[in-house]
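These notes open a run of structures that come right after.
The following pair of complexes shares a single chain, subunit A, combined with subunit B in the former and subunit C in the latter.
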Partner chain A sequence: MIHFWLLALRNLQRNLKRNVATGSAIAFGFAGILMLGAYVHRVQRYLETHTIFAAHTGHIAVFARGGFENFNYKPKEHSFSKCQQEVIEGILSADKNIEFFERQLWGSGLIGNGCLSLPFFARGLEPKVDERLTTQAQVREWLPDYKPFLKGRGLWHYPADLAPLALSRRLARGLGKVAVHDELSPGSVAIVDCAANDARASFARDANVQLLGERWEVALGAADGEVVAHYTTGFDESDNSALMAPLSVLQNLYETDAVGRYSLWLKDASTRQVTLSRLQESFSQAGIEADFLPWDDFQLSPYYAGTVQFLFAMASFIAVVMTVVVVFSVLNSTTMTILERSEEIGTYRALGFRRRIVRHLFVQESVWLSMISLAVGAVIGVVAIAFVNRAGIIYHPPGISDGMRLRLVLHPLYAISMAISLLLLTMFATWLATFGRLREEPAKLLGGITR
Partner chain B sequence: MNASTNFPIISLKGVNKTYRLGQVSVPALRNVSIDIHSGEFAAVIGASGSGKSTLLNIIGCIDTPDSGKVELAGVDVAKLNDNEKSDLRNQKISFIFQTFNLVPVLSVFENVELPLLINRKISRDERSARVRKAIADVGLEKYMGNRPDQLSGGQRQRAAIARALAGHPALVLADEPTANLDSENSHKIIDLMMELNSQRNVTFLFSTHDEKLMGRVGRIIHIKDGVINS
Partner chain C sequence: MKISKMLGYSLTAFVLWSSESLRPEAEAVAETEVEATKPSAAELLQASDRARGAAASTQGLIWNADIETIEAGSKNQVTYEIRARGNDAIAKVLAPARQKGEVMLFNDRTLWFVKPGLKKPVSISPRPRLMGQAANGDIASTQYVRDYEGKILGEDVINGTASWRLELQARAKNVTYDKIRYWIGKGTRLGVKAEFLTVSGEVFKIAEFKYLNNITIGGKKFPFVSEMVIRDASDNSNVTTIHYKEPKETENPPSLFNVNNLLR
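And now, the complex of A and B:
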């Protein structure tokens, strides 16, 4: 017995050149779609991981009511007091889906080296949480080359009374603090003559800086700090003013025990919305007014949200163009095949084959061609992805100071869904191509173009 | 030759068919009325373009008349939808084509089996038995596994005849079955068809313009300019 699937497979051999050409269009189109998807997937997961972990955003950010918009102007009114912190941390510690959390504070001021003062914008973090974030599995997977500091070590390596600071690269350069604490001999203090020609060289001989900030209550506050690390924010516009400090240093500078926000990291991020709702209810019952923002909120993570939206829009457009090319290639090829095989179709119809069965025969041929081509395309795509990853190409997207290594990561579910979509589209294109021809009387088909 | 019965398996009344070629209308059949009885072995004779093929196509339900009535075994074909016509062709009518129309990627066995695959009433074993018998009846047992391009013209037409007979049709329509064959093979094919008509009581209606075959058939239907003269 000849099975119709086998007949379809044999028919593929009849016009090998055309089928190879069509198959190549499908294979290379699919490989391109896989590479594009792998690029988007990698960038999206990179940015996601960077946002949640490296940027200390957490899966959920909790602000005092109105704090997200107004903390910078009225920090005292839009922060969590010490009493509130105790209640909040009780709630957070009791929640089964919260793995850990961090108290944060931020503010601005001036940072000086004894001769020169520059504006800064500081983030006050908990060094132990910072350490924990660098070892998270998701960070190891998606930011394998992640080095939080260009020079020096993390804040958690130093005692709090040292007031360790990490300066953004250009801020450190502006202050002449090109050497960090570990590079200098213990207790080294440089006496600087600001008018001297070698003043900049003197700045580099110690890591001490002075912070000046407006206290929340009244007057100015000042604090000493020790530059223990240099880092990059990844953005040119903030790389000359950002600094990281332990939360306690900023609390000391602004003379407060309040915190501006909590960042929460979840055990199971997929149930974020449920956790968020549960926390809202718990906070409400405890009488604490707070705003909860998910990590991918456009206001909270504008760079992530904007970049990913643009990326998806661009990738979708390219994928649609590629798919349309593939589908039209199949449509064209099938139309030609059907024209050439009109007499054969007429024969099938004369033998009693219903239109549906004849259409299935051609769709089955298309399924074979697509499946073989998709398999070839998958191999081409995977090999090309491996080649790109091994090439170690560095590219410079906007806002990323040091550039990014071009790495493609294919998501199997994406590959499978794209393959199924292309298969269905080619089947539809074939169905479409056969539709009109099969409406004709068998006698007309038998008198049609012959091979 | 098998004696025909009085029961008309085919009945055409006032059938007209006109083809339109651009702005020009070409009448192919004009007011054709004819009865073909079960078991007949009849030939439609006429010059090229006389309407032979159109007549066979309409009888075989692969073309539709502009007007008139076509009945096959008492069934008004106009009342059948496309699927019902397909089933009728598959189970009651078989075609033999001038150019054999075998599927080139299938063996002789597979080609003969092809129309039976879509008939769910036939079991796998019965299908196999019918195919083997049909191939044996046309003398192609040794070529069952051969593809059409490995056969001569005469053998290909035999394979086409086997395909036509495997479904046990009531009517076989053959459109110039000998046109692509030499004289010797033409006579062999006609002999074979006559033998099968006699053995199986299958109605044969074929078209030809070969006047040498006229003396060998039971009934001759002359057609000229779409009009039947006998």
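And now, the complex of A and C:
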């Protein structure tokens, strides 16, 4: 048996040029597939981490029944009351797979600088959880360059009574709040003459703003706020209206102690479904009506789900095209080789070698060629990936607040599975190429009648 | 005989001709007389605005407004003290206690919201709802003649009152409504009913008015609005009623309407 393998290896040298050409097709095709896979893997993990941690989605989001669809219209009816929160937090704290959770609230209104008011859409978060999220291992691994703010510091650095706010970039610019709290002298609040020519310049003299919103019960509510940071949502349509505030600030504005949702982060995300079922049962037993949405639900994370779906579809298409090219190269080269080696096949057959044995010999040659090419392809791929990663290219896909470094991360399992797939496909192509030729009579093969 | 007959025919023909030729002139005269009695839209709006707190006094007016809302079965009430002078008005919350001291200032068409403890005033739009069906711009004095271009479209009888039907088109973007269909009593020149329309012309709120109050301005007595009932056009059970109480002429100094003074 070993003799056949050695014979197959020796045979590779007989038509070196063609084998090198075929091997190059396999090697570069495999390198391309590896790079593509590394890109998709990295983007998918980046977006996953961004969605779960940076966007505060959690592994599981819990809404009051119907709250996901209706909270914006009827917040009072679709939120968790103070009493419900106590029960829910008891359940969540007791669950062994929940690492931590966050209460959230959101709403809209007007934000003013003393002269001008603009509409806002605010997310009320827990600053301590925000701080915790930035230090998570997954965030450090997949978002190593993650900077949540363009300017200023996180909300957790400031006391709650300051009512710290992080404003989206264009909202801050629209209000003339180009400087943040830390850049200004403490406690300064400039009263601006709105009719004055230099009114706009005066807006930047302090970081004080006013939030105005419709109270959940009745009439308008208003609260002071201090701009401590600027950030970008990554989306043009929300970059001129989004703001982040501590939960307590929004509760104060809307005069409520309710929360709109809970985001849950799990210790072991692979058992999410089991945890989700367990929580549903616990909530049901406690008489709390709630909707549970996993983080990758299309409604909850449309950007993640849509982007990843598109990326997979695109990458699969490219991978298929590359694979087909490789397979056809092998098929073509093997067919040519077999035609040229008809006398050799005829000799083998005349000496008493069965068709199967001869076919195996060709397949073994193909296996050698593929394995050597795949090894070379892996080296080319790894070097190319390292080169791309070192280039430090930054690009700005929508939805990513601080831009994304073009990094490719190869998943070993993916590389091995693709190598095995390509190997099997080249073996199949070789088998297919030899199939017709080996059916010929040895006499015909030796005489070169069908050549 | 023949001559007299001919004369007779000629006279008849002349009379008939002259009467035919005079008829359009006579009708034109009659129509001119009617036109002369028909007021202009601006006159009607000016008169109706006066009964809703608009610039009738050089000194100023004061009244209280209880805004009562019923929405989805729940009831809420807020009491405002409203002072108006010229194009300016200020509405201060008197009750409930947790809202006491909140102020809405109307400087011409610019609105400000101020709350005790707030470091700066907030510029707001008259359009968003203040509570229930009432928009921010509904609570103070009405300045339809300033804010809307009016056109008389016809006549209707509303709740037994013969009324002019007007269509009001907003003159500026920063007014409370884009379009209003407004009925003003022919005899009283008081607003009877209003339909508030979207840009596309659909009615989304309907208001009806009562005038049981009187106000004396410069020694002359005028009727003054006592109730405005605003209903959601798509859901009749959502109702906001503004009760106007104790309207009187008073001295409102111009400094009262300076936004910077509100924070001091």
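By definition in this document, the second predicted complex is superposed on the first by the 438 of 451 C-alpha atoms of A that agree within 3 Å, B and C clash if a C-alpha of one lies under 4 Å from a C-alpha of the other, contacts with A are read in each partner's own complex, and residues count from 1 in each chain.
Operating definition for what follows: contacts are C-beta pairs under 8 Å (C-beta built on N, C-alpha and C of every residue); 3 or more make two chains touch, one makes a residue touch a chain.
Here the structure is a predicted model, which is why all the values come from computation and not from measurement.
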Fit or clash between subunit C and subunit B when superposed on subunit A: fit
Which superposed partner A:446 touches (first subunit B, second subunit C, both, neither): first
Touched partner set for A:280, first subunit B, second subunit C, both or neither: neither
Touched partner set for A:350, first subunit B, second subunit C, both or neither: first
Partner chain in contact with A:11 - subunit B first, subunit C second, else both or neither: first
Which of subunit B and subunit C A:134 touches, first, second, both or neither: neither
First, second, both or neither for A:335, with subunit B first and subunit C second: neither
Subunit B versus subunit C as contact partner of A:81, first or second or both or neither: neither
Which of subunit B and subunit C A:218 touches, first, second, both or neither: second
Smallest distance from any CA atom of subunit C to any CA atom of subunit B, in Å, after fitting: 83
Residues of subunit A contacting subunit B in one complex and subunit C in the other: none
Touching residues on subunit A, where the partner in the complex is subunit C: 110, 112-117, 189, 191-193, 208, 210, 212, 214, 217-224
Touching residues on subunit C, where the partner in the complex is subunit A: 69, 76, 78, 99, 102, 113, 115, 117-125, 128-131, 260, 263
Subunit A partner contacts - residues on subunit B that touch it in the complex: 53-54, 57, 60, 62-64, 82-83, 86-91, 94-95, 97, 99, 101, 103-106, 110, 113-115, 117-119, 124, 127-128, 163, 167
Complex contact set, residues of subunit A against subunit B: 1-2, 4, 7, 10-11, 13-14, 343-344, 346-347, 349-355, 357, 441-444, 446, 450
